[in-house]
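First chain written, first letter: the chains are A, B, C and D, and each begins at residue 1.
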Amino acid sequence: MLKVTIWNEFRHEVQDAEVREVYPKGIHGALADGLAPYGFDLRTATLDEPEHGLTEEVLNSTDVLLWWGHLAHGEVSDEIVNRVHQRVLDGMGLIVLHSGHCAKIFAKLMGTNTCALKWREADETERLWVINPAHPIAAGIGEYIELEREEMYGEHFNIPAPDELVFISWFEGGEVFRSGVTYHRGRGKIFYFRPGHETYPTYYNEQIVRVIANGVNWAAPSDTARPVYGHAQPLQEIRGKVTAL
Amino acid sequence: MLKVTIWNEFRHEVQDAEVREVYPKGIHGALADGLAPYGFDLRTATLDEPEHGLTEEVLNSTDVLLWWGHLAHGEVSDEIVNRVHQRVLDGMGLIVLHSGHCAKIFAKLMGTNTCALKWREADETERLWVINPAHPIAAGIGEYIELEREEMYGEHFNIPAPDELVFISWFEGGEVFRSGVTYHRGRGKIFYFRPGHETYPTYYNEQIVRVIANGVNWAAPSDTARPVYGHAQPLQEIRGKVTAL
Amino acid sequence: MLKVTIWNEFRHEVQDAEVREVYPKGIHGALADGLAPYGFDLRTATLDEPEHGLTEEVLNSTDVLLWWGHLAHGEVSDEIVNRVHQRVLDGMGLIVLHSGHCAKIFAKLMGTNTCALKWREADETERLWVINPAHPIAAGIGEYIELEREEMYGEHFNIPAPDELVFISWFEGGEVFRSGVTYHRGRGKIFYFRPGHETYPTYYNEQIVRVIANGVNWAAPSDTARPVYGHAQPLQEIRGKVTAL
Amino acid sequence: MLKVTIWNEFRHEVQDAEVREVYPKGIHGALADGLAPYGFDLRTATLDEPEHGLTEEVLNSTDVLLWWGHLAHGEVSDEIVNRVHQRVLDGMGLIVLHSGHCAKIFAKLMGTNTCALKWREADETERLWVINPAHPIAAGIGEYIELEREEMYGEHFNIPAPDELVFISWFEGGEVFRSGVTYHRGRGKIFYFRPGHETYPTYYNEQIVRVIANGVNWAAPSDTARPVYGHAQPLQEIRGKVTAL
C-alpha cells in the first residue's frame, strides 16, 4: 500500500470565507477524501504544523508527496525544502499541484526558479487534452477533461523541457499551457499537474482526482539500486580480465 | 548559400479557382517569393514533373527540402519516397508543412504512419504560442503568431514525442495542437510546421515565412562524420594498449 | 494477469547445433521459463507457424509482445508486420530484443529502418549501466549488469532519440551502446533491450530476465481513451458558451 | 561576432607545478588560444578578480560563457551565481566544462545539485562517441574522439535527462558517461562537455577545441522574444471576435 502525504499550505481556507466554503476541510482534506477509494495509505500535513508537518519521520515513510501552496511559499523553511529535495533525489515521488509551480521545492528541482507564467482569473473554461494516450497518467479518462471554470495559466511556462508531456490545456481566452508534465531527478519522479485554483471545486472533479491517483501510482518509488558516487574501484579486476584475452 | 528545394503537390491551385486566387503562382511560388530575401539558393519542384521533380541530381544538391501536399499523397511514387528518406538519413534537412503530415515521407520517418489528427474548416483564429523561447526557429517573431483564419488541426496528433516542441497552437473552437516540432533521423533534421491551408493566405504572412526561413537554417546539414556501420575493426590495437598498463 | 506472447524466429536453434546446445527449448522457451515466476499469462509464437503464430486472435489477446529475430527478417510477411504495427499503435506493448533491431516491425516503428549499428563477435565483456535509476525497468538490479561474454553492438545506433534512456552498455573493445531505450507510438509503449546473442546463455541470466519482466510491466497497456481522429464536431456548443461571456 | 567569456577558477595552475607545466597560461589561456581561429570576440575572467571577473557589464556583453572550476566551487559568491543564472535564463549561452559539473551555477540550473558521479584518475583512454550525427556540435570531427589519457567520469551522472545527448564516453576501466549533453533553461542554451582534467593536455586537442567552438555557435542567443509573465491582458478583444462568429 503506497504511503501518500498530502501537503497543503492551508491558508486560503482559513483566511478567506469564499475559499472555505468551497473547501471546508481544506484542499488537503478534499484531496484525501477524493483519493480514499484508491487504496493509498493517506496522511496530510500543513504549513503551520511543526516542521510544516514534514519531519524526517514523515518524509522517510512517504512514497509520494503531494504539494499545494500559493500565498506563503516564502514561509516554507529552506531546511525543509532541502529535506524534501533530498528525499526526491533518493526516490520519493512528488506531485506538484497548480500554484505549487511557484514553490521553493519545485523551483529548486527545475533549475529555472522564476515562477514564471501568465495567469488570469476570469472563470474561463479549460480543456486538458491528452497528448500522450499511451501514458498511465491518462488512464481512465476521456480524450480531454473539461473544467467549466478555472483560473487561466498560459505559456510561456518557464520550465525545462519535460521528460514527458501528458496534457496541454486550452483556455477560452486564447492561451495554451503544458498542464501535465513529468520529470526524473535522481531516483525520484515528479509530476506537475496544473488545475486546482482555490476558488473552484476542481478537486471534487472525479477525472481530476483520477489523474492525481494515476500520478501517485506512476511516481511511486521503483525498487532500483542506489547509485554509488565518488571515487571508483581500482581497475585491477577488469584489467586482469582483458589481459587474459 | 543553402540550397533549398520547395516541393509542392500543385493540384489545388490548378483544379480549384478559389485556391488559385489565393496562390496564383502556386504555394511553391508564394513560398519562393517569401523566402527570396533570406539569401537561399531556391528551387521548386512539383508532383507532375518527371520523378516529381526530385531526381537524384536535384536531391543530391539540396540542403533542405520543403514539402507541401494534400490531395495526392498516394500518387507520390514509393521510389521517390525512399530516395528522399535516404537523403534525410544522410543529412538533408526536411521541412514538412501543414497537410504534409499525411505525406508518405513524413509517415515513414515518424513510424506512426496513420495520418491521424482532428481537423475542421471553420475560419477559426489560430494562435501559435512559442513554447521554447531559446530555440532559433522562434527567432524574430513575438510571443505568438496570430492567424485570423485558418483550418483547425487538433490533438491527438499521432506523432512520436518530438525531440523539441517549439510551438503549440490554440484554436478558437476548443482545440490545441503541437504546431512546431523537431526530430532527428540519422544525420538529418526534420521540422514539422502546421499552418498553411490552401484557402488562406497564410504563406504571405511575414512571421510564418520567417519561421520557415529559421527552420531552413536550423535544418541545414551539419558537417558531421558519416557513421560507419557493420562489422567493426578487430580489437588488437586497443587490447594491446590495455594489456600494457 | 498480463497476457504476454513471446515471438521467436526459431531458426538458429534448428539449424545450428551450437545454438541448440545453449537454447535446447529455443530462445522463446528459455524466455518463457525465465518469465514463468513473474505471474504473466505466457504464450510463444514462431516464424514457421501459420501467420507466424500471430493471428488476429493471438494479437488481440496479447498485452505485450516480445520479439527476437535475426536470420530471417525478410521472411516475415508485410501483412503480419502491418498487423503488429496497428496493434502497437492501438496499445499493445512491444519489447524488441537484440537483433530484433533489424526486424521490419522495429524499423517501421522507428522511421529510420536502416538496421544500422556496429557489431563484433569476440566474446567481450559487456556492462549495462543504469542511466535512469528512477525508472521501473531498472528495478531489482544493481548499478549495472555484467555479462562476461556477449556480442558487441556499438554506436552509432541509427534510432530516433529515445523517449527515455535506461541503459548504456560498455564493451571491452572500445564501444558504447544505448542498450535500453523506450518509445511511445500512438497508444503503445516500446522497449528495446540489447542483450541476447544466440550463442551466449544471456537469457538464463536472472538480472536480464528481471529487466525483461520489468519491461513487460512497464509496456502493459494503460486504460486510456482511444483518440478520435478525423473531422471534429461542430463549434456550436463551445461558441454558444463563449458568446455568453 | 559572438562575444565569448572564458571563466576559469585558475587555482590549480597557480598552486600546482605539474598543472602549470601543462597549462602555463592557465586553462583559460589555452582555451583562448585554441578558440582564436574561430572568429569569436574572446575575453577571460577568473575567480580571484573582483566579482570573479563577472561584473554586470561583462555578463551583459557576453553571448556565451565558458565555465571551468574544481577546487573552489564554494568560493564563488552566491550573488555572482544568481547573476549568471539570471543571464542564462535571459538568453546567454553557457558551456560547462569537466569538473564544472560541480559548480554552483550548474547545480542550480540542473535542479539535482548533488555533484554526483564516479571518478578515477588512472591515465585511462577515453573515447567520446558521437551519438547524434545530425547535431551541429559534432561537426568537423570523426565518429569519435580518442583521448589517450584522461580522468574517468562514470555513470550514474546525476543530471536531468538531457534535451539532447550528443556524446557518450567509453573508459578503459569499464565505465560509460554522458559526455556531451544539452539543455534549455528559459531563453538560454546550456552545453555540458566532459573532457578537460587539469593534468592532461586535453584543451590542446584540436577536436576537443572544435567541439567547444561548435558549442559556442550552438549556444549563442537566438533573437527570440522575451516572454511576458504575470497577469495577462483582459479577454475583451478575443471575446468580441468569438462572439461575432
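Quick notes
Going forward, a contact is a pair of C-beta atoms (placed from the backbone, for glycine too) under 8 Å apart; a residue touches a chain by one contact, two chains touch by 3 or more.
For reference, the UniProt names are A, B, C, D = ThuA domain-containing protein.
Because the structure is a prediction, the values reported are computed rather than measured.
Contacts with subunit C and subunit D are shared by A, B. Put simply, the chain farthest from subunit C by mean CA position is D. Taking the mean of the C-alpha atoms as each chain's centre, subunit B and subunit C sit 30 Å apart. Per-chain Cα centroids separate subunit B from subunit D by 31 Å.
Touching of two or more other chains is recorded for residues 130, 132-133, 143, 154-156, 161, 163-164, 172, 174-175, 184-186, 227-228, 235, 238-239, 242, 245 of subunit A. Residues of subunit D that touch subunit A in their complex: 89, 108-114, 116-120, 122, 124, 152, 154-156, 158, 160-161, 163, 172-175, 183-186, 227-232, 234-235, 238-239. If you check the complex, the residues on subunit A that touch subunit C are 91, 125, 130, 132-136, 138-143, 163-164, 172, 184-189, 222-228, 238, 241-242, 245. Every residue of subunit D that touches subunit C in the complex is listed here, in rising order: 127, 129-133, 143, 154-156, 161, 164-165, 168-171, 174-176, 178, 235, 239, 242-243, 245.
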